[in-house]
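All chains are identified by letter, namely A, B, C, D, E and F, in their written order; residue positions are counted from 1 within each chain.
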Amino acid sequence: MSPRTVFIEAAYLLASILFILGLRSLTIPDRARRGMQLAALGMLVAIVGTLVNHEIVRYEWIIAGLVVGSVIGYPLGVYVPMTAMPQRIAISHMFGAVAATLVGVAEYWHLGNGAEVSRPVMAALGFEVLFGALTITGSFMAFGKLQELLPSRPVTFKGQNLVSVGMFAVAAALFAWLIADPAHPGAFYAMVALGLVFGVSLVLPIGGADMPVVISLLNSYAGLASAATGFAIGNNVLIIAGALDGASGFILSIIMSRAMNRSFANVLFGAFGAAPEASQKTAQGLPVHAITPEDAAIQLAYARLVIVVPGYGMAVAQAQHQVRELAALIEKNGGTVLYAIHPVAGRMPGHMNVLLAEADIPYEKLKEMDEINDEFKNADVALVIGANDVVNPAARTDKGSPIYGMPILNVDEAKQVIVLKRSMNPGFAGIENELFYRENTAMLFGDAKASLAKLVHEIKQA
Amino acid sequence: MSPRTVFIEAAYLLASILFILGLRSLTIPDRARRGMQLAALGMLVAIVGTLVNHEIVRYEWIIAGLVVGSVIGYPLGVYVPMTAMPQRIAISHMFGAVAATLVGVAEYWHLGNGAEVSRPVMAALGFEVLFGALTITGSFMAFGKLQELLPSRPVTFKGQNLVSVGMFAVAAALFAWLIADPAHPGAFYAMVALGLVFGVSLVLPIGGADMPVVISLLNSYAGLASAATGFAIGNNVLIIAGALDGASGFILSIIMSRAMNRSFANVLFGAFGAAPEASQKTAQGLPVHAITPEDAAIQLAYARLVIVVPGYGMAVAQAQHQVRELAALIEKNGGTVLYAIHPVAGRMPGHMNVLLAEADIPYEKLKEMDEINDEFKNADVALVIGANDVVNPAARTDKGSPIYGMPILNVDEAKQVIVLKRSMNPGFAGIENELFYRENTAMLFGDAKASLAKLVHEIKQA
Amino acid sequence: MRIAVPRETSPGERRVALVPDNVARLVKQQHEVRVERGAGVAAGFADAAYEAAGAALADGPAALQGAEVVVRVQRPTEAEADLLPEGALLVALLAPHQSGPLLQRLAARRVSALAMEKVPRTTRAQSMDALSSQATLAGYKAVLVGADALPRILPMMTTAAGTLAPAKAFVIGAGVAGLQAIATARRLGAVVSAFDVRPVVKEQVQSLGASFVEVPQVAAEGTGGYAKELGASEQERVLGAIAAHVKDMDLVVTTAQIPGRPAPRLLTAEMIRSMRPGSVVVDLAAETGGNCELTRAGEAVVEAGVTVLGPLNLPSTVPFHASQMYGRNVTTLLQHLAKDGRLVLDPTDEITGAMLVVHDGQVRV
Amino acid sequence: MRIAVPRETSPGERRVALVPDNVARLVKQQHEVRVERGAGVAAGFADAAYEAAGAALADGPAALQGAEVVVRVQRPTEAEADLLPEGALLVALLAPHQSGPLLQRLAARRVSALAMEKVPRTTRAQSMDALSSQATLAGYKAVLVGADALPRILPMMTTAAGTLAPAKAFVIGAGVAGLQAIATARRLGAVVSAFDVRPVVKEQVQSLGASFVEVPQVAAEGTGGYAKELGASEQERVLGAIAAHVKDMDLVVTTAQIPGRPAPRLLTAEMIRSMRPGSVVVDLAAETGGNCELTRAGEAVVEAGVTVLGPLNLPSTVPFHASQMYGRNVTTLLQHLAKDGRLVLDPTDEITGAMLVVHDGQVRV
Amino acid sequence: MPGLELIEIYVFVLAGFVGFFTITRVPALLHTPLMSATNAISAISLVGSLVMAGADRGALPTILGFIAVTSATINVVGGFIITDRMLKMFKRADRGGARK
Amino acid sequence: MPGLELIEIYVFVLAGFVGFFTITRVPALLHTPLMSATNAISAISLVGSLVMAGADRGALPTILGFIAVTSATINVVGGFIITDRMLKMFKRADRGGARK
């Protein structure tokens, strides 16, 4: 083994290790940033390692590519608003897939348009360009839907299933033929083209709400394309990074579809039959943002000020002890917890007091409405536990409502509102609560006691 | 690639995957058994895969070895009592190491006593026999100490450090020489011998209490020896299984030394300076069994009947809410929790009642002494929370003690007693409590509230 | 508005219609408040505190001079009614169903009157709802009075001198007072059960950690959150269930009421005799005839060792907090009535209309 | 042993020295128990229950005939003492420090006497310790009585009619009664603080969720868990601290005692006047002179709007549980005294010796 | 160019396990940063592109290689920057050593 | 016999990560079974021993191979049996589906 090879392989091994450590660091939020810097370092190491490759003889195109890429990539990283994250990630997948696909195509062309390609390598190249091509167009479609360049609703037409299955069959046949005999450039390029079309037909029928799952899945495909590249050119860091991506994207899309209460298959194939939108809508057609205990937990774990708004639902669930538990955890994490007691919360005067006293929550933390209403705007999270009427903005605005004129708690001024209740059912006054549909409100459905227990559990994990 | 090779490699890949899944299953107690059956299946697959190896031409010795090994191994597995587990594992490491070492030696001999050995292979072989040899004797020493064939106290002599370092240096030098030029059978066999001696000198100076850490570390070495074998003969399943073992043994020994409140380095090297025994002793020289929250938690998580014995310490720690939390968890796991209230527990009549009522523990679960004393023998765990005098057997036996004649709670009849208190300090009556030194009593030191919080945390993990 | 606060004259009444805090709030909104000297003393509010809050002090009848609104806790005697300035507004707990002659008299003097009992039971009017605020205190106090009369303690206690069993408390009628009684008895460590004819109450009872005594097929939810009277067969099932349950109880608090009707009879003499000697019944419905057959308003009756208490006006025994709450109810009402600083009585207003028992020389009950 | 249980005759005394459960236990151990008719009625124990437990019933003086042991709650009058069978043993709360003549009389009749107050405060004797058992109930009841007398409620309440602040309770002397008072006030939702001169008590107070009022350099731990009297400078610091703290309190319960000495004076008239009108002081040390300067035993004194209660014999107001506990204490004592079914009075025994105030014709106080 | 080797499948499978074991422990809140991070890492195809662009194998491979290098670089640069931006939000100034 | 290859180091490192990520999640109670399980798995050196014992490379390798096969087999058989015995203790008959 030449020292150059040893150097390259060592660089690749190091890069692989850094990638793994970097991903691993994401399991601990406090260390995540550090870890991603390690991963970036890994990327640098891999690039440097590659540049000493003896095959590389000219650097001008490389430098040009690196410069142009950086010039485009930097603003994409720095200026894209956080809210545009999903579409940014989607378009980014496209770039990754373009690279993988072009490398595959160039490789095939370079090897005598398949003449010098062995069968195993052909298999790898085939996977590379297939996954790559479908990721290119698929990602672009996803981007278009999220950016609202394309209609975000599922786009379907009659016979779509048949067409899709047909295309898939043809691509598979071409692939099999190429493996048997790689020297069929026509078949190869046709396969690439089919991959591109297939990407479109995969994503178009899926609704905007399910896009995160799709993006994550495309991430997985992009990873598999990289891994296939690795197999094709015998490069381990590509195989490892590709496998990491492939696994992570795949698992993530499963986790996410589960969090949306949809089966993974439903998201993917249900689309062909135009699945219902994932998010609930009310009579007025407003969407409700459901949140998982995990997500709610992290928000609470990192909040500086949490204001708990207990209501009759806390009493029904007898969740007062769990409230105390949760508050203790948040305080242990350095946050502050206050309790906003609305004068008519519950079903008897002082209902909340009795229960919170039972849970030994100090009187000083119980705040009257007038005292706390100005605090909500400083709160990171307003945690509404089984309260409804007492936080219903209709009391301020809707003259027709039975609670019009009642002063309410200004929970909506908090940066984030998390509401624990079992359903979208109304409270005592029997009226809908518009708060639940606001942008900064998330609903954690379920019995308050059980939900709180889950939150406690998750915060401990975080 | 011949189909035979493909079959073998596929078998090895499958075996590797099964091993990983098997180990992984140990993270979930309920699935562990299933998982280990998978691992056993993996072993079978690996063996079958190996047997088709074209190099194998004679099966009689193989069959003989398998039969003899099974005949010896079966009773070792079935009849060894659970209490003898550590020494059994130690001796088992020895067998594993014997296999690895002999394969290494045979390989070296077979390859013209080193003449046909390449440098990289020599490096692998060297690690194999070195780790193997030191594991053989090291495990045997550990076995001897635990089985009390050897003195379990640290055996040290003057200048031990020097001798150890010297031996290590010589072995390293021989190894380096061999890598430079593998064809030196003398050096090779000398190195093996040195490894054997080194194993003895590594374990002899370590005390019996620290043996679990040592055994785990030897597990790691045995794994590394296997991995080295894999490198030497180019066998991936050996590399993977070896790496799994190596990593797991290493981490485990770190975790265990941390659990014993000793630094890892302290266990390993501190031994050279004869470290103090891990367990505390009292004036009377009786040892106290301290327990970690993790271990206590698992006992509680799997208990059918837990009897909580609260005392003044629960009041001081204001731990009543945590008691409720813990009980709720145990009950969720299918266990039953009762509370044994001694008439004079605490510092005022009804002290425990006030606090437990505050935590909303139902009256039906509070049992008077006369009612519950017969239940203790059915309890899996008696959890004594800051109680002392009311569970002090001196009241039954020691006529001189100020509490002689007071009826006490029969906690000692429970299968396991776990006592939560901050220290070995006596309670109100100011007298020592012999209960704390009994065989089936474990002390979980720390403030009761904090300890309970830890238990809750750990049970949730389990 | 010129507001007057006379001293209460009913025997045993220790509350006052406005406390200094309320006065300060009204004065800040440019109202004038005149308080009769000594009006708040029995409740723990000194004259000086009223002055500091911005009220004028006056002696006896002078307090009423020129007042547009006169606020009281209890209804005035007819003699006192004659002292009210003509055209003024009287706000008090008027007991309109029992006060026919008084209301006539007020109408004759063209005095308008708002009955604090008639605040509608809507979420919006809740801060004016004096029945609720006073019932809260009554429920709390009922348990204290009952606990005081019991020959045993409420909580369980395991002691060197044996284990004391917790008392069993039973609350009949889990409205505002009943729920508060449940909460208080639970706080003191009793084992609490409750019964009501309105099915929604079950969840509320359980939300306080008490158990609910079920009677199948009884559901008497009336309007405005109140109960209605039971049919004969329902009544029979209810009595049967109570009889079976009450035998074993140590403390029974009854609060069952039906607006405008005598209190339902839920405890018979026979049931009382079936209880253990030493048990105690506190009947909060004494004023409207009592839920217990043996209740005598304002007295303690002992039958077969069981004490039946029929306390009257329990809120007045915690006059400090009772006045604070009543005063807040009245203040919110006054703020509701004042439009641009002037008193406006709008009979079409949902709240005012419901409360207005005398207006424009007419009795409107 | 032949044991007699006469009816209590002291005014207001509702307890009884043995309850049917205790009788059953003693009878099972082959003792004979004779109970005066009606002895347990005031505490809620009917004659029939005693009979069912195996006691013989007797009228008036006949109950004592032939008794070896006579058990009572309160000491007998001198006339009653003369009815005791010669050579018998009397067990009761004898108040030995105040009962010189009575004890002489007993000695003269060669009646032996055990004072239930003198049970030693050891862990072993704790189940005979009547002072503890009765103090437990007194502490509980003191808070109920105080809460009843307050013009406010104890818990915090956020309601549509405003927020009611929780009452501030202060317990002086955190012994058995004091700790129970703390627990009870906390249960009812008050904000509780406490003070005692024995430093170990701080942790005990906090173990009930209350806060401790610190006074630097005061430590008066006496023997047997009791306190001793304070030095002059200590006393001054204590009074200063109490004066500063008590001003803001709504309910004060005092329980400070020093065995055999008048109760320490811890609340001056001036301090009382510094409190808010409506506040209440419950002085459990009234019997030994009171911790408050204004206390009059058995009466309610009102000074500047502050009520000072000096209730006597609170345990007797919960006679059912009080008798149950006292009876258990007496039963355990009797079991301790009986050797092979026969009464043995051993003055060298740690417990018997400490309690024996009259023996062999000698007063031993 | 080396051919496809069997052992590379081991590498792939093991890396898959590593990915699986890691991802399942990432808390849900970090799922978006995670996606963005794996996205950045998947730009490792840059490694293949570099060789293609620099190996002087003719015009077509070089041009394709150049485009591939550009695309992949966009991914690398943008991906890591944005991941970092997201993760910055989880740093609490006043958090100190409160959490392990 | 193949020589030592660079890629095998990848396999080793990745397997190490897998081991590390797995072991750190095993609850403390299962540490003894874990030790016993890894012990059993480390008997994989049986695979090397089998070749040695059956390849007919001469008397010495065959004898050594035989001893190695025997030793390793003891480990395999005993190890898996005892691990199973230990794990059996964690099965609760009445546990049912109570725990996830």
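Basically, a contact is a pair of C-beta atoms (placed from the backbone, for glycine too) under 8 Å apart; a residue touches a chain by one contact, two chains touch by 3 or more.
For clarity, every value in this text was computed on a predicted model and none was experimentally measured.
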Output for shared partners of chain B and chain E reads A, F
Considering only mean CA positions as chain centres, point out the chain farthest from chain E.
D
Report the chain whose mean Cα position is at the greatest distance from that of chain A.
D
Counting C-beta pairs in contact for B-C and for A-C, the higher total belongs to A-C
Whole-Å gap separating chain A and chain B, where each centre is the average of the chain's CA atoms
40
Approximate Å spacing (C-alpha centroids) for the pair chain A, chain D
68
So, in whole Å, the Cα centroid of chain A is separated from that of chain E by 16
For chain D, give me the residues that contact two or more of the other chains.
126-127, 132-133, 136, 155, 157, 159-162, 164, 187, 189, 209
Scan chain F for residues touching two or more other chains and write them down.
5, 7-8, 10-11, 13-15, 17-18, 21-22, 25
Using the touch definition from the top, which residues of chain A touch two or more other chains?
16, 20, 24, 236, 240, 343-344, 349-350, 354, 357-358, 360
Contacting chain pairs - touch in the sense defined above:
A-B, A-C, A-D, A-E, A-F, B-C, B-D, B-E, B-F, C-D, E-F
In the complex formed with chain D, which residues of chain B make contact?
312, 315-316, 318, 343-344, 346-351, 354-355, 357-358, 389, 402-406, 428-429
Could you list, by residue number, the parts of chain B that touch chain E in their complex?
1, 5-6, 9, 13, 16-17, 20, 24, 236, 240
Chain B-touching residues of chain C, taken from the complex the two chains share
155-164, 166, 189, 191, 209
Would you mind writing out the residues of chain F in touch with chain E in their complex?
5, 7-8, 10-11, 14-15, 17-18, 21-22, 25
For the complex, which residues does chain B have touching chain A?
318, 321, 324-325, 358-360, 457, 460
